[in-house]
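Here come two complexes built around subunit A, the first alongside subunit B, the second alongside subunit C.
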Partner chain A sequence: MAFQVDRQLSFLATVNVAAIVAGAVLVGASFVELYNFQSMASQVPELGFLALGVMLAMISGNGGIDLSGIALANLSGVAAYFFLRGAISADDAPLLFTWSLIGVALGVGLVGGMLNGFLIAKVGLTPIIATLGTQLLFTGLAIVLTNGSALSIGYVEPLDDFGNATILSVPQCFALFLVVALAIGAILRFTPFGQRLLLLGNNAKAARYAGIPEKRILFLTYAVCGLLASVAGIVIAARTSSVKWDYGSSYVLIAILIAVMAGVRPEGGYGRVICVVLSATSLQMLSSLFNFMNISNFFRDLAWGVLLLVFIATSGFDFRAWFRAVRS
Partner chain B sequence: MTETTFSSAAPRSESAGAVAGIWAWLMRHPPAFTLILIVAVSLVVGAINTDFWQVSNLFDILRASVVRGLFALGVLVVLASGGIDVSFTAIAAFVMYAVTMLVVNVVPDMPIVAILALGAVGGACFGGLNGVLVHALKAPSLIVTIGTQYVIRSFLLTFVGTALFMNVPAAMDAFGKLALFTHHSANGSTSTLPAFVLILAVASFVTWWILERTLIGRAVYAVGGNAGVAERLGYNLRTVRIFVFAYAGLLAGIAGIIHVSSNRLANPFDLAGAELEIIAAVVLGGARITGGSGSVIGTLLGVVLITLVSNVLILVGIPSTWQLVIVGIFIILAGAIFSIRGRQS
Partner chain C sequence: MPDFRKLAACTVALSTIWGAAAATAEEKPSIVTVVKVTGENWFTRMAEGVAAYGNDNDTVATSQIGPGKADAAQQARLIEDLVAKKVSAIAVVPMDASSLEGVLKRAAQRGIKVVTHEADSMKNTLVDIEAFENKAFGARFNEKIAECMGKSGKWTSFVGSLGSLTHVQWADGGAENAKKYPEMELVSEKNESFNDANRAYEKAREILRKYPDIKGFQGGSAIDVIGIGRAVEEAGLQDKTCVFGIGLPKDTGSYLESGAVDGISFWDPKDAGYVMNKVADMVIKGEEIKDGMDLGVPGYEKVSVKKGAGDGIIVVGEAWVDVDKSNYGKYPF
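Our next item is the complex of A and B:
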């Protein structure tokens, strides 16, 4: 159970360091300032939470995936603000408003995740179809609530602080991301639930014969994915001071990219949280690097697509064997 | 409908037995279920708003079904082989934009047959690349085609162009306007059935013929049913995978050309995001996402159902904002019903 530094982990650490070095060389001192690191860190969580959800869904095996993440994140933010804006005045009671917003959003995320879990675990839909259907459903509901336009929340101090302020020089939302990631890592590693989830993903048939409650574990896993999505939704609402149905249209791809880059096996049974965190930070640094260098968003999407394919190609590839073959 | 295959159904009363019989028959014929949904939606909408029963409305639905239908036939073949493709809209966007650009700038008087052939070949090349990658990377085709979707679309937007083509080539313009049938209604307005619906008819027949009457069609269903067993039986997985993705790409290329001809506009941002409703249509038509099943007739019915839902909501006073919600619910219901069917059989 000791902490292991495997090939994937050292590789991702290297990518992070390389991105910082490249930034320092290509952009200059402004890239390695504390302010830039804070700015980059505060952009990680929204995708990081979604990627953690994708990781859990992938680990559960049997084609497990969550395509509804960003749709549910947007719906959580939209629904929470839609129901609260008439009930609680953000000007008179900003703290109450913020906590209510967080509470309602988490509730929506939990219900959405439970719907996914119910469809996949109890009704027996394949995860692709279930989360494809709920993705349309969640997006559709967000459109219905907003009539297709963005809703501006305005400045609400506690909410804004969560999105943009720092605690001990660490952006609050990034600190929360680290805490949640640590908790999920601990759950996977040390609790019976985590062990059973990994076993289930590794070999569903063996897990079934071993008496592992397959349906309950799948249900719980997708419910947690929903919760994570709603946390992403809260972060987005806090950082942009608005909610809309089509925020982050390319996040489905990027969340999967982060998970695949982190070495999570799409067939299930394996995934490390620390790798997902490092994978998310390295992507963010590359993205900021592109921004500094005025590279277009279209080209950035191209780079992400190529990266995804490259990482799938190399994930099953043993470099050491290749090097040995080259040397001999 | 008289046979009840469930042993547990024996002690039930006569009416319950008949219901179980109808249910069992529907479970074995998923397209019939889709047809019932289409009839139900039509009757409800037609009862609320009689404008629904107009020839022009029928023509609109058929016209809107062509591009979706071509995409869906490609998705059907990929799903039948046990894969999934989400990159076909990007392929169509790339092919339609690049071909329009080429024709406008280089050979302005290229005939429509050559343009369609060019689109088909271009699409098939992209699709074949998908097939090679899916086979070589040994990764889930969903993840591979998400990757290629982004590569193809952003390559188009980064390196080929982002500006609209407002004046499409004369041959494409004429092809889009070419009418198979013109209807003059009582109030004097005319509506036309475009000739390109024939391309969907031909593509449907060819797809049916490939799936039902050729060796490669048998191979597609065999690989989709159980790839391991199919390989041991001597089917070449690589050939099947390249074939299905190339075929889906070919149809997507043709669909892209028709999209431009019909809209008289080549917009590189078009079609993005449409892949989900197409997959939804194929699944609604009874194809299992786990492979090995699906029919052309079911797929066409699924496309009509999706088009119906997106076209007629407005006629009954439901704002178009509800469209995604209803399509999403349909997918979940269809998936639930077919997964229960899978457990019973």
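Our next item is the complex of A and C:
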């Protein structure tokens, strides 16, 4: 399978480049200097990981979606810090503390994702209902653990570095995002699991007759979504040096917007990781551009809407062609 | 493929512009005020103060921004971009102080002066400005509620969010004061309204249903009393309840008239905005803020200075204003 440049990809690449050009013209040097690119890049992962989760859920078909992402992200951070702060001293063993935090957070994310997977694959709940329920559950747990207030982690060098430092000029958390995205892309494209997931999303009935283990694949997919959410939670903890249950309450819809703008089909069966990455970066660059230009945040919501419609309009032709190809 | 050509053209255009862009000159120092959320009257009034300071002092450029939704993450992102933009100073009214520590530390590392308001636990700030002592302010509300409800009965408190430190301090200050009156019973305290009058209204309705004999409400966020007032009015309990809290005269006027809200206190956000920018300007110029200093704004004529949670200082004024049915018309906001 060769690397393809389709309409979505070129459209998103154009938006990215156009945002940089517009920034250079309208704002000037401060927009195109290295610091700003690093700053923008390090803002991407929080949402990017969530959007990757939404993409996987959408690909799985049958109205697949994960609304519990940011709630689980916050719960992972909250739970990890809550259980570790008494057990390991961040001052004496910062490295051990950081890795333990990451470990516990990933564990919580995995369990949360498996719960979603269980409800959807085994119990057979509609994904939107199941994840809405778990969203409330995760949020509730995080509130109970913290009494609703933020827990301040303080300065822990390795954790802080992960959130803020760079590796070869690339912010560490953004580098991780790229690596994870690449891995997911490879899984979707080259592994039997990925192929089965795409087939399942495309046509669940055919997949069932072809002997694809539907339940196991759905379960695994939502478990991975949970894992991705907890990575987002770790990034949030590292970048804000604190954990709180309601951080990023506006992220649920933005993550879905990123996925839809990336051309992931809400009906399932299609989605490209590179498009999700480009979609996330373009949204970030436009958002930063608006901030640099002092453009109202209300206009931003409008701009997202316009962007989404423009995208759907320009890629409309391709969709039609695709449908015809399937029918013939 | 034409798409490739489009891409290539963009890249060429980009590289030419890159050079041109580098030539843009830097103007006078800029102070940007970042508020919790745009569009709320409280912060619209604050914007007047921010603009006023800019008009009075043409050596600095002042402006105010804020997220469209009250979400700590959105506010952090705005500040993140300001840090990249490298403004001279940032004056923040944090949605949730602890979630901004990271980004404000990065601001300081980049040489940006950071000033905060309503965040006396903030570590990464040079100066935090408080309109008054928060516990005392909460106790004042409670004292009025206690007096109004005859020092006995059920009462509750509202906060914008549990992360909004000052709101929690007012609620706690109120609760502490109420301990003086053994007949007063605090029920389901610190209801979160998320700075949304509708949420406050729904919460207040729930509470009225659960405790039909409730007598006192203490509002935390500036719009809490509006929501509570609406719920009280609908229930026809204007004369049986005592609603006090922070609020703005213009928003609350009709409820003060009907008696659904009994009294409001506030500090003028315009003055707070002005003072924040004044202090930021002083920090940029390297001037020291001393105990007892006159910052030239009503309520901040004789500020007290104490040590902050981090390396910075906390500046406390005496800038509260009490308003009821008789005199709310005097304040045009």
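Simple rule for what comes next: the second predicted complex is superposed on the first by the 296 of 328 C-alpha atoms of A that agree within 3 Å, B and C clash if a C-alpha of one lies under 4 Å from a C-alpha of the other, contacts with A are read in each partner's own complex, and residues count from 1 in each chain.
Going forward, contacts are C-beta pairs under 8 Å (C-beta built on N, C-alpha and C of every residue); 3 or more make two chains touch, one makes a residue touch a chain.
Please read these numbers as outputs of a predicted model, since none were measured by experiment.
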So in the superposed three-chain picture, is A:N36 touching just subunit B, just subunit C, both, or none of them (first/second/both/neither)?
second
Identify the partner contact of A:A18: answer first if only subunit B is touched, second if only subunit C is, both if each is, neither if none is.
second
Report for A:S250: first if it touches subunit B alone, second if subunit C alone, otherwise both or neither.
both
Between subunit B and subunit C, whom does A:S296 touch in the aligned arrangement: first, second, both, or neither?
both
If we overlay the two complexes on their shared chain A, which of subunit B and subunit C does A:Q172 touch? Say first, second, both or neither.
neither
Under the stated touch criterion, which partner chain does A:V260 make contact with: subunit B (first), subunit C (second), both, or neither?
first
Could you tell me if A:E46 is touching subunit B, subunit C, both of them or neither one (first, second, both, neither)?
second
Thinking of the overlay built on chain A, is A:V144 touched by subunit B (first), by subunit C (second), by both, or by neither?
first
A:G163 contacts which: subunit B (first), subunit C (second), both, neither?
second
Can you give me the overlap between the subunit B contact set and the subunit C contact set on subunit A?
147-148, 249-250, 296, 298, 300-301
Per the touch rule above, subunit C residues touching subunit A in the complex are 1, 3-4, 6-7, 10-11, 13-14, 17-18, 20-24, 38-39, 63, 65-69, 71-74, 76-78, 80-86, 96-103, 106, 110, 161-163, 168, 192
Flag every residue of subunit B that touches subunit A in the complex, lowest number first.
84, 133, 136-140, 142-144, 146-155, 157-158, 162, 273, 276-277, 279-280, 283, 289-290, 319, 321-329, 331-332, 335-336, 339-340, 342-343
Using the touch definition up top, name the residues of subunit A that touch subunit B in the complex.
63, 65, 119, 123-126, 128-130, 132-141, 143-144, 147-148, 249-250, 252-253, 256, 260, 266-267, 296, 298-302, 304-306, 308-309, 312-313, 315-316
Which stretch or stretches of subunit A touch subunit C in the complex?
5, 7, 10, 13-14, 17-18, 20-21, 24-25, 27-32, 35-36, 39-40, 42-43, 46, 147-152, 160, 163-164, 236, 239-242, 244, 246-251, 287-288, 291-292, 294, 296-298, 300-301
